[in-house]
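As structure tokens, the structure follows; a few thoughts come after it.
Going by the order they are written in, the chains are A, B, C and D; count residues from 1 in each one.
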Amino acid sequence: MKLYEYEARDLFDEAKIPLNKWIVAKNYDEAMNNYKLLKFPIVVKAQVLVGGRGKAGGVKIANNEEELKMHVKNILGMNIKGEKVNSVILAEAAQIKKELYISIIVDRNSRSPLILASKEGGVDIEEVAKKDPHKIMKIKIDPFIGVRDYMVRRVESFLSISNINSILKGLYFTFKNYECELVEINPLALTDNDELVAIDAKIVIDDSALFRLNKFKNRISSELSYYENIARKYGFSYVEQEGDIGIIGNGAGLTMTTMDLVQYYGGRPANFLDIGGGADAEIVYNALSILLEQDRIKGIFINILGGITRCDEVAAGIIKAIKNKGVNKNIVVRMIGTNEEMGKKMLKEYNIDVFDEMEVAAKEIVNLVYKN
Amino acid sequence: MGIIVNSNTRVLIQGITGKQGSFHTKFMLEYGTQILAGVTPGKKGEKVHGVPVFNTVHEAVEAFPEINSSLMFVPAPYVADAVYEAIDSGIKLIVIISERVPIHDSIQFINYAKQKNCLVIGPNCPGIITPPSTKLGIMPNHLFKAGNIGLVSRSGTLTYEIAYKLLKNSLGISTAVGIGGDPIIGTDFIEIYDYFLKDKSTSAVVLVGEIGGDMEERFSDFYNSLKNKKPVVAFVAGRSAPEGKRMGHAGAIISMGMGSAKSKVEKFKEVGIPVADRPDEIPILLKSLLNK
Amino acid sequence: MKLYEYEARDLFDEAKIPLNKWIVAKNYDEAMNNYKLLKFPIVVKAQVLVGGRGKAGGVKIANNEEELKMHVKNILGMNIKGEKVNSVILAEAAQIKKELYISIIVDRNSRSPLILASKEGGVDIEEVAKKDPHKIMKIKIDPFIGVRDYMVRRVESFLSISNINSILKGLYFTFKNYECELVEINPLALTDNDELVAIDAKIVIDDSALFRLNKFKNRISSELSYYENIARKYGFSYVEQEGDIGIIGNGAGLTMTTMDLVQYYGGRPANFLDIGGGADAEIVYNALSILLEQDRIKGIFINILGGITRCDEVAAGIIKAIKNKGVNKNIVVRMIGTNEEMGKKMLKEYNIDVFDEMEVAAKEIVNLVYKN
Amino acid sequence: MGIIVNSNTRVLIQGITGKQGSFHTKFMLEYGTQILAGVTPGKKGEKVHGVPVFNTVHEAVEAFPEINSSLMFVPAPYVADAVYEAIDSGIKLIVIISERVPIHDSIQFINYAKQKNCLVIGPNCPGIITPPSTKLGIMPNHLFKAGNIGLVSRSGTLTYEIAYKLLKNSLGISTAVGIGGDPIIGTDFIEIYDYFLKDKSTSAVVLVGEIGGDMEERFSDFYNSLKNKKPVVAFVAGRSAPEGKRMGHAGAIISMGMGSAKSKVEKFKEVGIPVADRPDEIPILLKSLLNK
């Protein structure tokens, strides 16, 4: 779960990581009432979870009250890549001598946290890694000993600075304490008087750890669309796409492959929907209902390989949805495995053809949706 | 034969009395797996499909010193403790079925396991199966017949799909390993392939990747560096997946331009590994490699 | 450094380890003013660092005010094995069904913390270990993963109880947080209503960690005798014994061996005094002065093997002491190594014989002290 | 020849610019030790008796990849960090001279070192010396001449005393190891004796114990269980020590009836290891064993 910048800044404050002075405002009045705590020039930053807000006009500098009013008005309520701006950060613009980069990430390869430090900050770190790999230093953190002083000295030596100890220890504190996948300062500014200040704050928390993170466990993720939130409630996994063929599968890899096959045969998948292992009729009903409701979806491909999942349960869920919601779309079902015969027989009665091979079924749904 | 598990494997089930644990214990027993004991704190003395239940791993191992492997159906918040208990009781293979294990827990217990020379498979995996009779996992029994194809996969149901395709094409499996769909897992493609290289019963390997991370790219580099190889056919799920969204699996996400299917497919091809565009191409590619 | 029971009880309170209700009192009035917080019967316990206070009459049960007054009066100021009682604990006597034992120690063999649990508490755990080893359970704690729930379950199963989780986690918290060599509850009482209560509290803190333990770093250890405290101030190591031949050596092993040799030849060592490595004349002077001051000491054996320690510095220290303090005791010096010739020459001028072999020198000091 | 250190040992000194570090660097160089570099944070570019100083171990090892050992004169509060730095830079032998290292630090870094296959000697030890020319330690050079006696000791000056007795009796040393006087140390009697067993240049071993703990007793059991042994002569310091008092060394304390010299001497004798009552008996006992 990605945090908003202002949430990440709160955690940085807790970890005593120095930030340029800032306030957050949920509306115009709040911004205008509180901005006087800050000195001009002031940066106004849209609070959204999608990347690239700067290029989208979500970050502006105000040199006086006039400009500030204008920027706050413009940015609040703005739509950035489909996400509405509901709050802004106002922050003092730092006098920056040099922009650096520092983060701690979960490294899949070493199965450990990793410190990433870059001599070039304020830009896409992946770009730096590709273009100038020598500008990036990586230090593996053994999870049992944490960030040690010697690592601090190595980073300082690499970045030619001398005061990153508390920042690095603070980052690791946040990383551990809030079970993060990523804590990032980009840019980390070296100011004209040689102080280090975080100008931005990015934190991604491990979803699987939310149950024990009291501070965040009830936070609703506004990254999710309307249907994605419904899916989370019903206990299956749903990701929206822009296409017109709805997808239901059991298992993440099989569901992705189902989408891939639809695309392979020229179709446009409308979503990823994984009902998980051992889903009962009710889950299948809820899953199918979400897709049936959406007008943009012209056809639905249900792909089940029954292991723990029983084909008769899946069939029962499909039948319930057809009865309750009515059928206004093409539906193709591929179903093999546990109780396959019973499931097939049940669906026959509703005139739904069931396929054995997913490739054949994928071709069929594409034909049905686009060729008619 | 096969890798990691075989007829010498003696299994403990941690979390045996839970719904999933009990359900799959039955199917594993039916497949022929030698399950000697189960553990659920507070359930000592019970039996699950004839398997005796203990309060602690220590007690179970004391009663059955032959136990050399543990399979976990423990709820995610308790997985870390269960792993430490198994390791500290001397168990050298741990297969973790449980989903949604916190990443920071996985980091710690996987590093701990490595120190103690304990092999961890998973978390969030379907397990490992060496046909005809040893299954530590949740795969449908009837799809896995003995043969000479090694199968290693980041995905569960997709593994069964491929086993089904192999079966329909009269190809059998030496061992199939689901390594798990989390960002942090105990054993990766390189390590499993290394086992397959040493296994006489394996003639070729199917490697099933998916979006997220760079395990496929790292495998390709490793494969490329080898002098003696066994043929590999690859498949990558998620060609149609958007950036920045987790596709069901915690580890299946394209982020910051990294981990796309395109990058993985290109890298495989670059080092000479044929990539199937559809699952039904896998048996065809395998047969052409094996007939060379 | 061993803590007083009341200090250990404070740490247990912090760690939320349940204790029988208690107060501490430094004098009679304090005890009488505060005892009403407790219910009779009340146990009065002498606060001393030496073991065996119970047998020495330092622990008494009072059933009413009368008895309480008597016990407090008797115990305060009492002398237990040379240690004066300066404070007492008053504690409610628990209704005990069973006495157990639990501790966490530093285990030299596994280089790890170790949980020790015994079905028999309230007695000497070493005795139990010898007599009934099956009554004791040992669990190694890996320092990187700490006390895990499964260890709690194993201890509970072994002791046939069901509620030691918070006690064991609390003990480990104290053990780690205060860098202990030992945290011990003996006995751990199982009360009539099946609650677990610590009836005693023993903690030994690692001296080497005191510099970073703010709570204890300035605590003066009253375990130490007058001269032991002086020695600590001057930076050498001094332990008092009951004999009459004073010992000075450089290095702990060599100094112990020096004592052993004196004993071997029939003498009684009066102390252990290790001046450490690289001691200068001033340290030698201070060390020798301590011994020269003590009337019980009849002779002094100085044994130096010079490495970093220079024999001329040692000689200078000896000469300064002789000049300033006067010689009223036999002194034998053994000295070889760095600047040996110079040192020997210096001492010759003061008619002090210097030996090459420690065995010969040891025999000589024993002869001088006892045969004259 | 000798054990652990020899003419192939290339040394880094951590804490080289301190008083002790600089002083002993000089004597080690005089003895013939190959010291390639030193580390003291903030002192990069300085030289100590000609040895270049770096800010971090990483830099030193980058400049001198031949470095395989580190000797520490770091102040006690900073020892743990220095050890982690050395281990994470790939160094496989660490000798810690520093005294008063917190026990909880030692527990952690010694366990960490073990995971990474790094050998730690100490803390609170005089070091290790293989005559005629390799010393990682603080022993007086002139007492240590090459020969066939292995020497392992919990004590510093007492080790020199015994080296002096051997020298006077024309006995030389293969390697002498001071394992350290703390309760928690990296390497114990059993492990060092194991090295001596495999060392062709060692014919007999002098083992110098002292009160505290049960390392001597555990060694005796180990010795007793061996089929092929080399002769051992033991000495135990602290026969006259009282209970409950630390005798200088942090680890030298008889507590709760454990760790007395009497127990150790009896145990040695029980398994057939002759024990010298006085240091000057050691050469006599050695000669009689070697002439058997």
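Basically, a contact is a pair of C-beta atoms (placed from the backbone, for glycine too) under 8 Å apart; a residue touches a chain by one contact, two chains touch by 3 or more.
Here the structure is a predicted model, which is why all the values come from computation and not from measurement.
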| item | value |
| --- | --- |
| Selected interface, C-D versus B-C, where C-beta contact pairs are more numerous | C-D |
| Centroid-based (C-alpha) most distant chain relative to subunit D | A |
| Intercentroid distance (Cα basis), subunit D paired with subunit B, Å | 46 |
| Separation of subunit B from subunit C, taking each centre as the mean of its C-alpha atoms, in whole Å | 55 |
| Chain centre separation (subunit A, subunit C; CA means) in Å | 58 |
| Separation of mean Cα positions, subunit D and subunit C [Å, integer] | 27 |
| Residue numbers of subunit A (touch at least two other chains) | 142, 144 |
| For subunit B, residues that touch 2 or more chains besides their own | 108, 112 |
| Parts of subunit A lying in touch with subunit B, wherever the complex brings them together | 51, 106, 108-109, 111-113, 124-126, 142-144, 176, 179, 181, 206-209, 211-212, 237, 239, 241, 249-257, 259-264, 269, 272, 274, 277-278, 305-308, 336-338, 357-359 |
| In the complex, subunit B residues that touch subunit A | 20, 23, 76-77, 100-108, 110-112, 138-140, 153-161, 164, 181, 183-184, 208, 210-211, 213-215, 218, 237-242, 244-252, 256-258, 261, 277-280 |
| Footprint of subunit C on subunit B - complex, ascending | 41, 55-59, 78, 81-82, 84-85, 88, 108, 112 |
| Subunit B contact footprint on subunit C (complex, rising order) | 140, 142, 144-145, 148-150, 153-154, 157 |
